[in-house]
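Going in written order, the chains are labelled A, B, C and D, and every chain counts its residues from 1.
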């Protein structure tokens, strides 16, 4: 039993679901990939977006207003919200590491059954980039992971134990895939919601990690 | 043989002499007491004054322009030079500790014959205040000490070894008193100038520390 | 849900006995005079106060000292208030003296999620006693720990209603650092403006650090502290 | 004696083979494009480049990489230029990867005269291998060292002739930190103004950090990097 998605649909489905989880007022940092799309689904005006390259108060931007020197962490053009402020990279990561950002929404390559994630390197390849991932993992009050439930080869990305280099020893708080939503409590995965049209059997079949229901 | 001074005259004499030693362009931090008076004798306009409470570009201020929220480290009213900037205490001390301030001019209770100074505490009394003295000692590129040559009881303030708690293990660069000017090279005092009307005999008589001429 | 409160005592409702409180200012300059005044009217005790000075004799934090509400002071220059020495002599207050740059840096470290840092300041002096010394690339440093607190009481010039802050001249000093290092950050300001009024390039304390905003009722003038 | 120079190569006269060079920017945003371009025309080698990225393939620092002038890169996200991986694979370049917040903090520590600091970032990961771990008040940290350099090449929006700098939007990023952490700080700017034009409350980099100012000859536009 398999639910079919094209990639864009899947990404938007996940992003929309995460957006619903955000309770304002809060400050949210969005990673690259699916997290970036979350911005499109934020209905409330008291959710403030932080980007680690030095801006609190990110909004979207119309094509004609694009400024090459105003970008998010993915180097995509963004706009400046009312009440926004700019700061240097050290101040930006001080906000993150110091616990002043409420939620970080990140992608992951793997999440293990205790909520530990791997999202910055693949074994056997050169370790070339980490960016702000490790800082966000240790610092954000809550971390939400968004990812496809399985890899291209069909294997589960929710694994018993990460085989890729981990990003932090801190467990994330929630995981959102195209199939289900999980909470992590006491370092244990708990299925809290099936995505529309998805059966519990499908989730079980495609999930290597142990989880409770 | 004793040269007589009243306190104010002595302070101004020393302050004027130190001011002559400053070669612009440079950034100078002035301590409390005699160093504050140095500002009155700065002829050159490329000597910039830093105050650790958060201002680069200190000038004097006319009585009618006094702003209670614009003060120097001695909490005395000051003015704002053209090209001045304000910053927080951490940034201010980062400038000091990071070696970005060229000269610190400080008072001292004692200087020993290796150029180590004591200027923040007296044995047997409560240790109540240190302020920025220790930071300036470790961080300023050059440290000039200004002080009366002797204590009220007539004892030399240039001592063989400090009996008061030292401010830093770093030797200062120059010492200015009402009697003489000393350089410190390789942790040894060297008399480089007698103040007007002062004899070498008087300096020898009133100096406990060894010095070369 | 607004951060703006109309009353100093409401703003101070987060302050409890036994708390560690950061108090901005360099002497009276940039000190949260209205909040300090409010504290003198509040029934709290056993406070640990982190502030450059403990006010002046009978002024600012000096009143709190006289009321025996301060259990411990952490600062760099208690000399500005001679009463501190008397209390200390009588064993009525604990004191921790730090170099001014170390005080500032430890607050920054606390706000930035760091545990501590190695500084050259104080190496080989009496203020290094009991602190770890370490050589890094030929230079001697001592380890200083981060400072974090329950509450910060600070003063800024203007706030927008989101909590973005700008400061005024040398009244800035410790305030922006303290804004980062406490669980609850309470700020008094000269003026509250709408979001968008402050220039985004000019904001010193972004709003995510600020919990409560209140208009100052006391201000520092040439003639001293007066009711606004 | 003015800090303003009229020519990029004159400004770069402080750069020597074997130097460690800080290069501002987050990718091309806020990067000193004119100074980097000048470096590609200068006969230097064995450079250690500290920068968040090593440019993009064939752009910015990417050109310097292609010219084999870079001995070592210290950064957080080399992924943005696939050529870095190829060079690394061939053993033609050394790399040191740091979390982005650690890169920023180490530069700040370097500029602030600190030896190192304890951070939670990276604890228990492959990037903590070989680094000292330490528990402070129940929390695990690793020790990260300060970064200092011979030269910093940075970009700002406006400079006054004294060297005070302001930045523009997210082009600020690492530039103000790098301005504090090198022996010679060379800045390219969009515009040079007289002292007094920049608001003292708004200056981000006070002039004491800046050694050389030059007007940018290359700017980043929607269409990419173009000559000004």
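Please note the rule applied: contacts are C-beta pairs under 8 Å (C-beta built on N, C-alpha and C of every residue); 3 or more make two chains touch, one makes a residue touch a chain.
This one's a predicted model, so the numbers in the text were calculated from it and none came from an experiment.
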> Looking at A-C and B-C, which one has the bigger number of contacting C-beta pairs?
Replying inline: B-C
> Cα centroid separation between chain B and chain D, in whole Å?
Replying inline: 36
> Any idea how many Å lie between the Cα centroids of chain A and chain D?
Replying inline: 28
> What are the residues of chain B that contact at least two other chains?
Replying inline: 80, 86-87, 90, 93-94, 96-97, 138-139
> chain C: which residues touch two or more other chains?
Replying inline: 105, 108, 112-114, 119-120, 167-169, 201
> Okay, what are all the chain pairs that touch?
Replying inline: A-C, A-D, B-C, B-D, C-D
>> Applying the document's contact rule, which stretches of chain B touch chain D when the two form their complex?
In response: 25, 27, 48, 50, 56-57, 80, 82-87, 90, 93-101, 138-139
> Okay, in this complex, where on chain D does chain C touch?
Replying inline: 105, 109, 112-120, 134, 136-137, 139, 141, 145, 166-169, 199, 201-202
> What residues on chain D touch chain B, complex-wise?
Replying inline: 1, 108, 110-114, 160, 162, 164, 180-181, 195-196, 200-201, 203, 206-209
>> With touch defined as at the start, can you tell me which chain D residues reach chain A in the complex?
In response: 26-27, 29-30, 52, 76-80, 84-85, 88-89, 95, 97-105, 107-108, 119-127, 140, 167-177, 204, 220-222
>> For the complex, give me every residue of chain B touching chain C.
In response: 51-55, 66-71, 75, 80, 86-90, 92-94, 96-97, 121, 126-135, 138-139, 165-169
